[in-house]
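Letters A, B, C and D mark the chains as written, and numbering starts fresh at 1 in each.
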Amino acid sequence: MINVALLGFGRIGQMHAENINKNKDLKLLYVYEKIDFLCKKAKKLYNCKIEKKYNKIFQDKKVDIIFISSPTNTHINFIEKSIFHKKTIFCEKPLDLNINKILKTFKNVKKYKPKIQLGFNRRYDPGHFSIKKDLDKNKIGKLQKIIITSRDPSPPSLTYLKSSGGIFRDMMIHDFDLCRFYLGMDEIVEVQAFTSSFDPMYKKIKDHELAVVSMKSKKGVLCIITNSRHCSFGYDQRIELFGKKGMLLSGNQKIDSTELFKFNQSSIQKPFLNFFVERYKEAYALQLNELADLHKGKVKSRSTFEDGYLALKLANACYKSLRFKKTIKI
Amino acid sequence: MINVALLGFGRIGQMHAENINKNKDLKLLYVYEKIDFLCKKAKKLYNCKIEKKYNKIFQDKKVDIIFISSPTNTHINFIEKSIFHKKTIFCEKPLDLNINKILKTFKNVKKYKPKIQLGFNRRYDPGHFSIKKDLDKNKIGKLQKIIITSRDPSPPSLTYLKSSGGIFRDMMIHDFDLCRFYLGMDEIVEVQAFTSSFDPMYKKIKDHELAVVSMKSKKGVLCIITNSRHCSFGYDQRIELFGKKGMLLSGNQKIDSTELFKFNQSSIQKPFLNFFVERYKEAYALQLNELADLHKGKVKSRSTFEDGYLALKLANACYKSLRFKKTIKI
Amino acid sequence: MINVALLGFGRIGQMHAENINKNKDLKLLYVYEKIDFLCKKAKKLYNCKIEKKYNKIFQDKKVDIIFISSPTNTHINFIEKSIFHKKTIFCEKPLDLNINKILKTFKNVKKYKPKIQLGFNRRYDPGHFSIKKDLDKNKIGKLQKIIITSRDPSPPSLTYLKSSGGIFRDMMIHDFDLCRFYLGMDEIVEVQAFTSSFDPMYKKIKDHELAVVSMKSKKGVLCIITNSRHCSFGYDQRIELFGKKGMLLSGNQKIDSTELFKFNQSSIQKPFLNFFVERYKEAYALQLNELADLHKGKVKSRSTFEDGYLALKLANACYKSLRFKKTIKI
Amino acid sequence: MINVALLGFGRIGQMHAENINKNKDLKLLYVYEKIDFLCKKAKKLYNCKIEKKYNKIFQDKKVDIIFISSPTNTHINFIEKSIFHKKTIFCEKPLDLNINKILKTFKNVKKYKPKIQLGFNRRYDPGHFSIKKDLDKNKIGKLQKIIITSRDPSPPSLTYLKSSGGIFRDMMIHDFDLCRFYLGMDEIVEVQAFTSSFDPMYKKIKDHELAVVSMKSKKGVLCIITNSRHCSFGYDQRIELFGKKGMLLSGNQKIDSTELFKFNQSSIQKPFLNFFVERYKEAYALQLNELADLHKGKVKSRSTFEDGYLALKLANACYKSLRFKKTIKI
């Protein structure tokens, strides 16, 4: 068994704990968490060691993987420590909100080459990954356009929103990463952004309710991402790859495959799987399998530190585009 | 232009008149109809000759096609007269409710070989015909099963129902014919039938609200037809061909291709095209094109007198199966 | 934890073992199996007790649930023994191929009222169960027709087929049960059957490749079931409930929700989930949850001994209908 | 009957001639065309008057409607003449490539208030119009986003492309208009554009193969339009309206509603209706009905001169955005 120390037992950390617990190769050895009742919850659910001082965890030779789902501003520190103690690393997105901190650590990453996997779960979704494979198999010819629709069913808490880094760094970062995933070696060179808010709350906290971004790659591929913090009909997650010889779609998943037909309406279908825990359940499981294989040295990471850095760079460029009402060169 | 005399200007006759009027090769020369206000309506709409004595029509050398949409019990007489006067014939289904009358005329049909087309409009539907072509192209391998669902949005008038000949001869006759169309040379040899009525009216008039028929062909193909005199969600018309190597479906058509997504429901679609006039609009137009080509001697008829006879034979076998609670050999 | 003894570690038994192992309330304590290499496999995978003498299992007070997935002809004996030792019972379908043996045990079931759940997994499928709930909520008004399509991707081994009891008792038994599930208190009173075989193998072993059954309930609901031992495009599992005010469908599930569009073809989708292990994965898990709750006395069983008996009775009636080419009264 | 004079019998003019000929209220009285063989073709098909001097047409009192489908640079002149002679006007898009010419005529339009309908056929499409009505009925709450995908199956001839005015004025003008149609009184205030070309031909003629435009309305609605001059899988025409309480889609139409299931692929559907003549057939017919009603004074025009002017203004803003790599204020 591979021993995992989970840092952070908040909303997303709890989901990771459950997934780690189910994985046949991984064992949840430690949970590091500061809040008391969360510690108790972790203890009760997984009967693992609870630790309030993270240094003991890093020093424990039995710990194989450091699994970082603590607040964003702790990520870089934990990555540095993991590199020093030669641990395999998982880190939630975003790496940090300060790109300079990231760049500094990037040097160590290049130098010490730790085994590291970023929390870009969508790369592991069977549907989203299937169209990547089909694209690479040339099923639609040369890629010309990527269109991503990503809408959360409802916004997170105001507290979360305030420290989230904003819609581009917190939410669209997944979509920047997916565009880069499909583009492969062809990097994005130009960015334009538009945002809009109907609920005045968003302006107060200097965030945005809706965002649209257009980007262009070196080879001329156009990428369009559209985000919304809310979506009355559920977690809307769609990807469209338009190529010279065809189109690939990865669509939404409904809670079951039943339909109702009645007077004046046909094919009424069930709602989408509610949110990321349900929608990307398989993706999270498959990503953990890769993490175990990465630790064993069997595979390369599908989502690297560099991916985390470059996605954030695009998010920052969007803020610049908004401020100057300009197309921004990357 | 090819001159057409339309016999019968009732509900279906009026639809045919409009279609004939739109066809670029056909001219509506005569309408034969006994009811005064229908005659006026025909005159007003099409400015054609109105005739109450059909003999004058048959004797008029200018008439090329006799188009029979009069009451069922007049069909055979009009076919006989058309054969005698060497007219091209279109005849609505069913040929007659009395199979002996049909058999007698069948001899003349074999002898004089008139150009005749039966009103099996569904054979001409682009979707239904497309799966026939794909079947013949071996896209699904050897045919093993045919499943037809056919439901009317609502029952016809009580007056119509009473003289309709019953659900098998009036409604399911289209589906018997479609099974035979897909089977090609492989004829049906055994039949089983079940019916049911929830509205007591159907028992009073000795008809049935719902009917299910299973049939087996000489080569072992199983055919299942399910009919209903009503369907709250519209005119339900579906065909499924199951073969050794695949399946072909011809599905319903909706009034437009829009969808609504809202809380708790997704992909809500528009209702089906309402009834045969709308659903089989293209089929009727294509059938008229074939009728014109048949008259010109360019093509063979896709739906022959024999098809009309054999479909009725199956309908009759169903009544026998019901009465004796047995599988009936054809 | 509730302790489970699994009797039979064949193909389906192995699937059950894995599901039991994943269930948070159940513990796999024993596996009873005669074949040596299967015993070793069970030991290795689940580290449970392996027992070749079933009496010791029944006598062990620690055993709460007897889980029967051994060959069909052992089911009744194991149920009797479970009743005697007051165990909670799960039993795979069919109960037995001999209806008289079943009837005898039925008396004990009525007398001693054991906690028993039959292996009718489809009743627990989220989709199939969702339309049952919607039907009971009157979403489509009065039920008038049930149409079930059930096709296996490919036939089982010849060895299995020979002792399976035939397509009606082995395969369609699930569909008989589903019809009864949707009908509720309204029992089936008449049955008609048709079969067909294209591969000569089926005739040699006196079984059938394809089968179609029509049934009628006391209240007049028509039920149509169509089965095939093979299906080139996967495990085809569809249910249609037609009511006075609407229709409910429970459709197939595809391996992901991607689509490909290319020249001359649009919306090309992925194949269906391969077979029962994948397609009814959730159903099996939910059924085990119910089994645990049944043992705890929290719920009634959704699939009873009587359900097992009545489904077999319908299967037998189908053979009678085939032999006498008649509609059979139940 | 309302007499129509058709100016221009090129590709689009010929389609209009056929539609006018089919309309029950309209009569094709004149065709004005300079190219000889086109004149002969018009004469042969419609037996109408052929005129090479347009003044005679404007002076003919019998002419009710001037139907302008001649080259773009003649539109404004013909509109002016029509206003002078008090004719009802239909004019193809774009009004002109020179916005100053348009502005000058706009003054006369405001002064003399001619009955005029612009060639924005998509406003009349049953699907696209149905979601407009549903939006106005508040089915999705407040509108927040419009996403339009519009791809032609293949580019027009090089000759056409060279004088087309470019992708924004020739092709996306329909989509600018549709956005304005859905926005109602809420006008667009900001525009961003991106383009890309993979085929070097487009750069040579200073046009673009692909284009993406983001726009923002006064009230904050985000509009995203994506165009392509080619689309291997057909004429891709989709509209998505995202509102606070739901989403409306108007989707593609396939040539029939059949599906093929085979090993490893399911639900393979037929291609989209090929191009605008087929896809917008009903829209063109409905627009002609409105034109007849407009002439009779029964209705207001759904697509006005102002709509033509404002769509072109947006097209021009896109070129400015491209040139200066900036967000452009309207």
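The criterion applied here is as follows: a residue touches a chain if its C-beta (ideal position, glycine included) is under 8 Å from a C-beta of that chain, and two chains touch if they have at least 3 such contacts.
Because the structure is predicted, anything quoted here is derived from the model rather than measured.
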Comparison of C-D and A-C (more C-beta pairs in contact): A-C
Identity of the chain that, by mean CA position, is farthest from chain D: C
Geometric centre distance via CA averages, chain C-chain A, whole Å: 40
Centre-of-Cα separation between chain D and chain C, whole angstrom: 58
Shared interface positions of chain D, touching two or more other chains: 232-233, 245-247, 252, 261-263, 270
In the complex with chain C, residue positions of chain A that touch it: 126-127, 130-131, 134, 139-140, 245-253, 255-263, 270
Of chain C, residues touching chain D in the complex: 232-234, 252, 254, 261-272
Interface residues, chain C side, partner chain B - complex: 141-142, 144-145, 147, 149, 151, 190, 192, 194, 196-198, 210, 212, 214, 216, 220-222, 224, 226, 228, 230-233, 236, 242-247, 325-327
